[in-house]
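Note that the chains take the letters A, B, C, D, E, F, G, H, I, J, K and L in the order they are written out, and that residue 1 is the start of every chain.
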Amino acid sequence: MKFLILNGPNLDQIGTREQSVYGNENIHDYLKRLKQDYDVEVAFESSEATLVEIILSAQDIDGIVLNAGAYTHTSLAIADAIAAIQVPVVEVHLSNIYARAFYRKTSYIAEKCKGSISGFGLDVYRLALLSLEAISNR
Amino acid sequence: MKFLILNGPNLDQIGTREQSVYGNENIHDYLKRLKQDYDVEVAFESSEATLVEIILSAQDIDGIVLNAGAYTHTSLAIADAIAAIQVPVVEVHLSNIYARAFYRKTSYIAEKCKGSISGFGLDVYRLALLSLEAISNR
Amino acid sequence: MKFLILNGPNLDQIGTREQSVYGNENIHDYLKRLKQDYDVEVAFESSEATLVEIILSAQDIDGIVLNAGAYTHTSLAIADAIAAIQVPVVEVHLSNIYARAFYRKTSYIAEKCKGSISGFGLDVYRLALLSLEAISNR
Amino acid sequence: MKFLILNGPNLDQIGTREQSVYGNENIHDYLKRLKQDYDVEVAFESSEATLVEIILSAQDIDGIVLNAGAYTHTSLAIADAIAAIQVPVVEVHLSNIYARAFYRKTSYIAEKCKGSISGFGLDVYRLALLSLEAISNR
Amino acid sequence: MKFLILNGPNLDQIGTREQSVYGNENIHDYLKRLKQDYDVEVAFESSEATLVEIILSAQDIDGIVLNAGAYTHTSLAIADAIAAIQVPVVEVHLSNIYARAFYRKTSYIAEKCKGSISGFGLDVYRLALLSLEAISNR
Amino acid sequence: MKFLILNGPNLDQIGTREQSVYGNENIHDYLKRLKQDYDVEVAFESSEATLVEIILSAQDIDGIVLNAGAYTHTSLAIADAIAAIQVPVVEVHLSNIYARAFYRKTSYIAEKCKGSISGFGLDVYRLALLSLEAISNR
Amino acid sequence: MKFLILNGPNLDQIGTREQSVYGNENIHDYLKRLKQDYDVEVAFESSEATLVEIILSAQDIDGIVLNAGAYTHTSLAIADAIAAIQVPVVEVHLSNIYARAFYRKTSYIAEKCKGSISGFGLDVYRLALLSLEAISNR
Amino acid sequence: MKFLILNGPNLDQIGTREQSVYGNENIHDYLKRLKQDYDVEVAFESSEATLVEIILSAQDIDGIVLNAGAYTHTSLAIADAIAAIQVPVVEVHLSNIYARAFYRKTSYIAEKCKGSISGFGLDVYRLALLSLEAISNR
Amino acid sequence: MKFLILNGPNLDQIGTREQSVYGNENIHDYLKRLKQDYDVEVAFESSEATLVEIILSAQDIDGIVLNAGAYTHTSLAIADAIAAIQVPVVEVHLSNIYARAFYRKTSYIAEKCKGSISGFGLDVYRLALLSLEAISNR
Amino acid sequence: MKFLILNGPNLDQIGTREQSVYGNENIHDYLKRLKQDYDVEVAFESSEATLVEIILSAQDIDGIVLNAGAYTHTSLAIADAIAAIQVPVVEVHLSNIYARAFYRKTSYIAEKCKGSISGFGLDVYRLALLSLEAISNR
Amino acid sequence: MKFLILNGPNLDQIGTREQSVYGNENIHDYLKRLKQDYDVEVAFESSEATLVEIILSAQDIDGIVLNAGAYTHTSLAIADAIAAIQVPVVEVHLSNIYARAFYRKTSYIAEKCKGSISGFGLDVYRLALLSLEAISNR
Amino acid sequence: MKFLILNGPNLDQIGTREQSVYGNENIHDYLKRLKQDYDVEVAFESSEATLVEIILSAQDIDGIVLNAGAYTHTSLAIADAIAAIQVPVVEVHLSNIYARAFYRKTSYIAEKCKGSISGFGLDVYRLALLSLEAISNR
């Protein structure tokens, strides 16, 4: 099976900056290790438009793990793109979005996704891949 | 007279995907036919910034037909760009935006446009061109 | 094809009063000219009940162009009547309703109509007839 | 005992139109049968003003069954009229108003009525007559 | 000087019904006495449409005293009619509308009127006539 | 036919306490008389969990009359239980819930029930049984 | 009869400053003329506390005309003081408060007053004195 | 490692009732299979109080998987109990809670949990156990 | 005089867990000392239903001190029970509820109680007993 | 120990006016008796600014009992002053603020105080002094 | 050029109290140094009324720097006074008002001022004087 | 010292278009003059993603002056980027954002910035540079 891990703006900083908030494990190191266990492509994109286009052009893969970062709360365009494709998408968040400012509690993306996993730090990526495997086995 | 039809993210999928929602007429075929009757340029852009720049650089044309898609409900930058130019802009939506989720009912763009046409499927483009002709004849 | 143009309260004043807001073209003159091109009946009614009854008794016509005026924002009874009939109804507004007070931004009627056209002055009537023709050709 | 069944706009269509929503039993047939068991007058009125006047002029009757239709959610004038009379009024709705759009969940009329019955289709009329009998026996 | 006192639905009951709320002075007696001092026509109308039409056809008078009753809080059509005419309109309410349910605190009509007088019982009519005289003397 | 009348917290006090609000007819006496006319079981339960379990285990009966008391406004668990069963449920309230504090106007339960009857004092129980008979005769 | 006209902050500027908004008639000249016709004391006070104390110490007068200015929308202390006394208070506003920013539409004071008069410029003072006379004649 | 899977009201019906919504896999069969792979205790409790007490008495276990059902949206008492213990708790939901009525979108419990997993049907239980293992390995 | 101190869910943990929030004085030790000075019974109950029943069955006592914990913000059933009895109830909270999340600021219970004391740690119990003595001496 | 009892606007009227609301015990008599038992200074101030300054200059006392009256709901300046000092402040209200209009339910002051006592009439002053003693004994 | 620095309640404490929040630089020392570079008068006033009067009487100066403190969020009277004068006013805040409680985010005063500067500690005063110089040079 | 002035969409039009709103001074001319006094780089970017990336890559500079234009009110991604860096950021707006439509009053960016300056036209850039100098001198 083949997957895509797609990350939105600012997320390539995880483990480098604001370590007190997001932990000091480097996201690039983590995802490199994950690639040893899964056939997975990884992308970091700051642009809402590029994220939309990557999602729309997804084919021949078994699922997308999407950490849309700040766009989770502001982008209807990404939600529309997810709704337009057949490939299952799982939304992930490293930290608990319910403990943040009220305008960070809304996810436009969630209702278009197969499921949502949040709050376990970088492990949300591995859990999301497991969930995509589970879905495809049904 | 010369016009620009400007489309936002995901709209190039119309007629290809989600046919149960948007009908199975291909938007590219439709617009090709429209070009036979009107001197009209067509653009599809996923990027909010590119849409802003295209609007700001509009000149020597008689009007813009804008289907901003999801950005209708989230982009103040596009609204500002419309307000900055003299060229008349008509907002169109293929389907009735009043029957969707509440955060899809607000249009930041509408109040900066000359008018708004929604709910007639792909025919909104032809109606918008007609309305631009009518405006310029006044 | 045969159509009905149905107008709500105060609209027979267009072109006579408040010309700075609605322009100085007389609505009766405009609609007389429109009748030369289309087989169209025109009615002006102040009463919500009469509007409901006219809509419910519509038959052997190809569409209704409805400018419900102030009732757009307050009448569920008219919305119910539109939902009860098979004849397609197109909602029109002479000016941009999005630039007015917040309680003028809600349209109870919109979600029951085939489509909505606003902001082009008296031309909305001609555009609406064109849109009804387009719908019936589908 | 003598009663009045008073219906608002669009309700004379029940059983004729939108049968998938309201069932295919004709309201006129139903009420004719009800008249065999009760001394009851029936009125269908589209006009808010006429409904107000009928309510205000109610006398020598033992109760009013009021299905105000769309006016339930928009008419303070009818609520005022109910408050002005001594005759008990029971509010009825054929379907469950709580499962509809949010602006259909508010009843201006409810708080002025003796009680409220909704959701049992045309049987709400018979139940309302029974409830008026019960009230008068207290 | 010549005036029109225009009353909405239910108001002809004042002094007859609900005397504990509105006092037991009969509104018809009161207005008859007022007519001895002023050249004033009086109308009671339940219909929103008729009120709109009376307002639109007002001419050769020096002002309208409008007690729109329940329509104060629900009718944009009456507000539009007031905005369309040159004759000054003064809004009156017999009781303090600020001490009632929240949906009775909004007046759609107020912002189109020259002024507003509420809370003095039937005397609001006389005060409104005085205010119209004062306005015309300016 | 066989029915269950299910009452939530505090309701066994009706007629004993707060007589000025709920009347001085004892609910137990009333229901005893009702049992002479109908094959009906009666339960009073303070516990949300027990109410859920009784609803889920309902079988071989023709309907439930549910007066959930305060849980009407706070319990999604009871609403879920009603949705899970086939047996029809009718919601009743002794008094008019629309005349109470705003957080008493919401019913989580209503939209899962066949219908709703409120405001006729203890007679709501008899009316609800009649409504269940009517439903089953359809 | 003896009255007090009590004005809040900024109101002594009327006619001197912002003449385009409030007219160019000087409030002090106006009130001087009013004093020729009525036994009336006039006070201008910027302090909320002083206004409270003047209201509380009101005695041997037949009414207070209160233009609380900006405190209308922010002072519960003044509302409490009005509620504490027997002397009738009439609220006045020179301009239509309904056409201003939303936080200027709320009056904490209105519900404690006998009545409210707004929108007739400086004439509201004379109308308020007339209304106080009318009240005391009842 | 040792875990507790704790379920709230109505959840023991999964797979038996409402199969169109929740699928037809029996929750008891699923959890039995899960027990073959994990040392896990399973409880189904309708009572909010019992759920609180079970959570408070949790000791000598490595984590709780909590599907609080309807209490997710109404119980602060369960949220308080989670906050009081050291054992990590993971919140699960079988279906996407973001696609339901707005009062089902709030989770009082989420902000007290280590993480949240929703939308993958019964697989959320297995994913939650995996996430608890991952947490304890950090 | 004889009193009942009634505590809701999680409160028996005070002084044992979350000492940084609630202090490290054990609630059981504190209440034991209080019993030396007052004739007071103490109960800790997790169940909303049991709390309702204890309140309803209160007799031959001079007052209830109620710390409803999380139910303060969610239970209308407990509020109803307090309203149904004659025994005075005083609401207490150990910490300042105004400094917590917004859904912890609402007390359904407060308006049914004689008074409310919050923010002094365990001393609220002693103060509440003093207040009940003071009330009974009036 | 030495205390200050500080009262806001209108409170010196307690027992003199509006006796049906606040009881007929004179606040001055009550506080005179309280002074026999405690070393306490008493102040009544209508001015928000003076209250701020008294609070800021508090020193060599063991606590302030503050009944801010109407300023409770409108004054951020008093809240800021309380936050600026070390002396503990206890907020008191004679009656239950939860049973009043919604804009009387908010206390800006509460979150800056050590605690809050309301609803026991004039006894709140004595209870507050007891609570200040209890705090200082900790 | 000549300026006035006008400060509201509690601000004379800056640098003396709550140093962890506002820093330990004394505001009086800071402003003394500022006076060496600018012809500036400084006032500290707790009273809303006095602030209003100082603003209204401003003349022969080139600008006012206003730190209204808590009145920023509660005083319409000060906003009215600013609107009444010709002298330019600049609003300043020592700390970022956007990071505080929601009722501290609204500024009634901002929309009447020439501009607004916040978040740089005591330097906002110097920056405001520079901005007033810049304005007058235009 | 070295600074970056970063401008969002549409801002390069200032002084060219909409001169009645933003003045007729050309922003490019203004910034060129500013560069004579300060070591400052200037960028104009329409793309949210590019703005995020420029902010994240900021190093070896003493501060950023950010005029995010329309993104001020819609971009959480830019706010996140500001939070991720150590370089101080000052938010500027040419005009008073408090006098615009309500959805233009919210700044997502403000709470992540050191300070905010608005309303002085193009001079906000120079003031912001001064404020950054002041901050670094502390």
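As a convention for this text, a contact is a pair of C-beta atoms (placed from the backbone, for glycine too) under 8 Å apart; a residue touches a chain by one contact, two chains touch by 3 or more.
The model shown is predicted, which means the values in this text are computed figures rather than measured ones.
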Any chain that touches chain L and chain B: A
Over-half contact-pair match to J-K, picked out of the listed pairs E-G, D-F or B-L: B-L
Averaged-CA centre spacing for the pair chain C and chain B, given as whole angstrom: 23
Chain D and chain H: spacing of chain centres that average the CA atoms, whole Å: 46
Chain A and chain E, separation of their C-alpha mean positions in angstrom: 62
Chain D-chain J separation of Cα centroids, rounded to whole Å: 54
For chain B, residues that touch 2 or more chains besides their own: 47-50, 74
Pairwise chain contacts, counting only pairs that touch as defined: A-B, A-H, A-L, B-C, B-L, C-D, C-E, D-E, D-F, E-G, F-H, F-I, G-J, G-K, H-I, I-J, J-K, K-L
Chain D contact footprint on chain E (complex, rising order): 8-10, 13, 17-18, 45-50, 69-71, 73-74, 103-104
Parts of chain A lying in touch with chain B, wherever the complex brings them together: 47-50, 52-53, 56, 74-77, 79-81, 83-85, 108
Contact footprint of chain F on chain D as seen in their complex: 96, 98-99, 107, 110-111, 113-121, 123-124, 126-127, 130-131, 134-135, 138
